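Each of the next two complexes has chain A plus one more chain, namely chain B in the first and chain C in the second.
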Partner chain A sequence: MQKNALYILLADDDEDDRLFFKDAFEEVRVQTQVEFAFDGMQLMEHLQQPDVILPDVLFLDLNMPKKSGKECLAEIKQDQRLKNIIIAIYSTSSSEEDIEDTFVQGANIYIKKPSDFNDLKKIINEVLTINWHYQTSGLNRDNFLLRL
Partner chain B sequence: MNWIPKFNSSNSLRVIFVIAIFILLFLSSVAYKHNRDLNETSKLVMHTYEINIQLERLMSAIKDAETGQRGYIITRNERFLSPYLFSRDKVNTSFIALKKLTADNPKQQKNLQRLYKLIIQRFVSFENCLKYSEPKSYDKRRLDNHMFGGRILMENIRFQVDEMNDIEKKFLQSRLKKYDQEISLGPVFSISLFLAALSFILLAYRQISKDIERLKVFNRKLLISSGLMAESEKIGKFSTWQWDLETNKIDYSDNQFRMLGCEPGDFVPVKETFLEFVHPDDKEMIAKSMDDIIENETLPFVYYKIIRPDHKIRYIKSTGKLLVDRNGSKVLLGINFDITDEHLLNIQLKERNSELEKSNKELASFNHVASHDLQEPLRKIQTFISRVSDADKALMSDSGKDYVSKIEVSAKRMRVLIDDLLMFSRTNTTKKEFIKSDLNELFENAKVELTVIIDEKKAIITNTKLPKLHVIPYQIEQLFINLIGNSLKYSKPNVTPEIAIECSKIHSAEYPELLDQAIKKFYKITFTDNGMGFDPQFKETIFVLFQRLHSKTDYPGTGIGLAICKKIVDNHKGYIIADSTLDQGSVFTLFLPE
Partner chain C sequence: MKLFIKFDINTICSLYLKQKLEEEKINFTTLGFGEIELNENLSTEALDKLKNNLSPYGFEVVENQKSVLVQKIKDAIIELVYMEDSNNYKSSVFLAEKLNHSYGYLSNVFSEVTYSSIENFIILQKIERAKQLMLVNEMSLTEIAFLLNYSSVAHLSTQFKNTTGITPSAFQRIIKKRREYLK
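Right, the complex of A and B next:
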């Protein structure tokens, strides 16, 4: 693993989405290390290893088999060791209910999966340049959903 | 508690009767007294006359003696001496009678005594006259003296007798005068009293007949109302029972028997009778509520089942109340309603309702899942296209490029459709939180949302002041966006779009379409534009989902926007109507409850 590179983890069961994600990161200028979990169960198993390196940002899909994104979010927030991971919800859904729930559970930002590759790159750029300390302290329901 | 209407039997009747009876009692006592007085007086008259007669007798006896003596002295015939000899006895008899008659009068006794002395003296003078008239002892001078003395004595006796008669007469007169005084008032007084009593009795009679007339009316009313009651019980499928707690007597109305599946009067109800009909499931509850009603005086509605003798189950709703009348006697009144039909209908309704709820839920989740899950592949198609167009367009043939761009347009349209569908389903399914909001603010937000198109079309939007209402804010904002957006979209080419929003307060009575609403006061908000309008025959259909009046090439759209508007207004228990004249612009009118 490269030093100084941002460590990004994406939990998504959709192969295409992982591909778009990987491609987009490769085109972004910031040095990143991107890894994937294929579902919620795998994600939690990975994070619960004793000597695991925690990601700088965890992108979490909501609709996953075996264990949904919301369940993962709840477990992470209850775990003392994991609860400070920056979590970006990354979902097709933009329903009020999902946004509200994940906000209440303590996610840091909500990203609706874009339908344009260029938009995806913009979003990734945006997310990577966020000052999380600043963002978290000023977080509210209105700026929780990322708008381009 | 005055639950029994008072029958006003007149108290005056009683008073009149008592007065009449007193008058009659008084009258009879007066009559009795008069009668006694009369009796007394006649006795007194008799008494006076008797004394008078006896005195006359006395007088005549003495006169007889005198006449006899004279006859004898003149004729010397012994026969003339007999009246003289009898006269002594006669005098004595009368004298005894007189003594008895005047026993109560000391003055008369004294007079009698004096009379007696005079009579004795007279008889002594008779003896002397006889003695001096005898030829042997004839003495003319002495005879003359005694004859003369006898004459004087006779006068004295007469005087004495007259005096005694006078006294009696005077006494009688005074008594008669007193009596006359007493009864002189009598006739007028007693006749007037009698007339008074008569009039009182007549008055009482009138009152009685009046009361009887009233009673008759009451009675007839009572008969009619009890007949009507029995009929209403039959028609309205309810029944009543009364339980007199004093006498412990229970009365069932005829319909109560019928409700229990019996004929009226089939049995004599006691406290436990009713429980025998109650379904075993409910017996305990009903027994308890019967006890409770005595304690609490009222019974909230209870619902239970009964089993009729023919084993049919009926559903009953009951209530009751403890009534206390003026005399403090307690009557328990119970009312039972046969709600079997309603109950069965209710069960059906509930079943249908839950079915409906289920299918509604399925539909909502289908709608949500479909549009949600449809997004995923669509998003990928669009993303892949965006990648294709970026990297490979240069290498493609012209027709290939054309196809790709057509795929792109179609995918975009599908995205709009899915987004709108999602929004439509969300207006229905998401939580409906009503917050008091300033509609002016929501209106400004909507305008901000539409800034690009407003600027592009140079539209003029004017509005009057909007109210503050309890609404779902984001939905009302959406409503404003859709309505203004609609007007802008269908504006006339080359004409500056003008949209006027006006608000006023109205009462539902003024608008027939609002009459069914429970709420009466509404805000009426109109959106008037100068756009192309539409054929008024479509003013209902434009609110139906997917209904479009224009081809999608001229005016892209999904036919969902106005359906969402209608749904939002429905959510607010409001009403939306549209009207238009082709080429003249349209008016959308919102009615939102205050």
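Right, the complex of A and C next:
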């Protein structure tokens, strides 16, 4: 992995969505290396390998078969080794209840998935920039909440 | 009598460097090609001392000057945001004087390295401070707005919402619930 590239892991069962994100990541200025999990089960199996490299940011689709984003979030937050990963939840839902629930359960970022590619690029740019500040500028991660 | 001596610069340099680092009692591994991995983090003073000891022999620690400057800008901004009388300073003047560069230059370097502006970073830090004051000191928004030099509570609330996507009261509610939940 390149030294300065951020390592992004994205879990989504929908292939179109994965491509949508992949293209957007390729076009933002911050360098990233993106890998994918195809559903929640696969994501958790991947993260639970003993010598796995943990991502700088984990993007989690809220609605996935087998294991939902919320279930993954809960499991990650219970796990001493994984609980400090920065988690960005995204969903087509903009229900206040969903948003508040995921924040309370420990998500750092909530993204209402846009349908427009340029909007997605803007959102990803902002997430990566602010996240980078949180990793390098002594900001308190416990207070890191961002809704886009 | 004349002797011809053949020497290998590489060996000399590595040996000398090794000796110097050992003298300083620095625990290290050489990675070759002039790269050294220190097995501990040196304090700024220790690092400066090492640089000074190496420089007479032509060794120089290569740094990315721009990244170093950006770190200095960030440190200065944090200092400013946490200062008691920060109201008396204009941030651009404070940074330019503190770091001895024009604000225009600082601002360009900052954007180039971080892909975001100094102004945005100041706002991010102020909102971060507001979060702390809210949670740790349990100050009211009115008090915080005054302390952080906002013209009104509404101005602070708007900037909070624009930066984080949520209102200050929602933020407080969520963090409280989360503490209960994750206990």
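Just so we're on the same page, the second predicted complex is superposed on the first by the 130 of 148 C-alpha atoms of A that agree within 3 Å, B and C clash if a C-alpha of one lies under 4 Å from a C-alpha of the other, contacts with A are read in each partner's own complex, and residues count from 1 in each chain.
Convention: a contact is a pair of C-beta atoms (placed from the backbone, for glycine too) under 8 Å apart; a residue touches a chain by one contact, two chains touch by 3 or more.
Since the model is a prediction, treat every value here as computed from it, not as a measurement.
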First, second, both or neither for A:117, with chain B first and chain C second: first
Which of chain B and chain C A:16 touches, first, second, both or neither: first
First, second, both or neither for A:106, with chain B first and chain C second: second
Partner chain(s) touched by A:92 [first = chain B, second = chain C, both, neither]: first
Chain B versus chain C as contact partner of A:5, first or second or both or neither: neither
Winner by number of chain A residues touched, once chain B and chain C are compared: C
Complex interface listing, chain B residues touching chain A: 368, 372, 375-376, 378-380, 382-383, 386-387, 390, 415, 422, 426, 430
Contact footprint of chain A on chain C as seen in their complex: 74, 78, 114-116, 121, 124-125, 128, 131-132, 135, 164-166, 170-171, 173-175, 177-178, 181-182
Complex contacts: residues of chain A adjacent to chain B: 14, 16-17, 20, 92-93, 95-97, 113-118, 120
Parts of chain A lying in touch with chain C, wherever the complex brings them together: 29-30, 77, 100, 103-106, 110, 125, 129-130, 132-133, 136-140, 142-143, 145-148
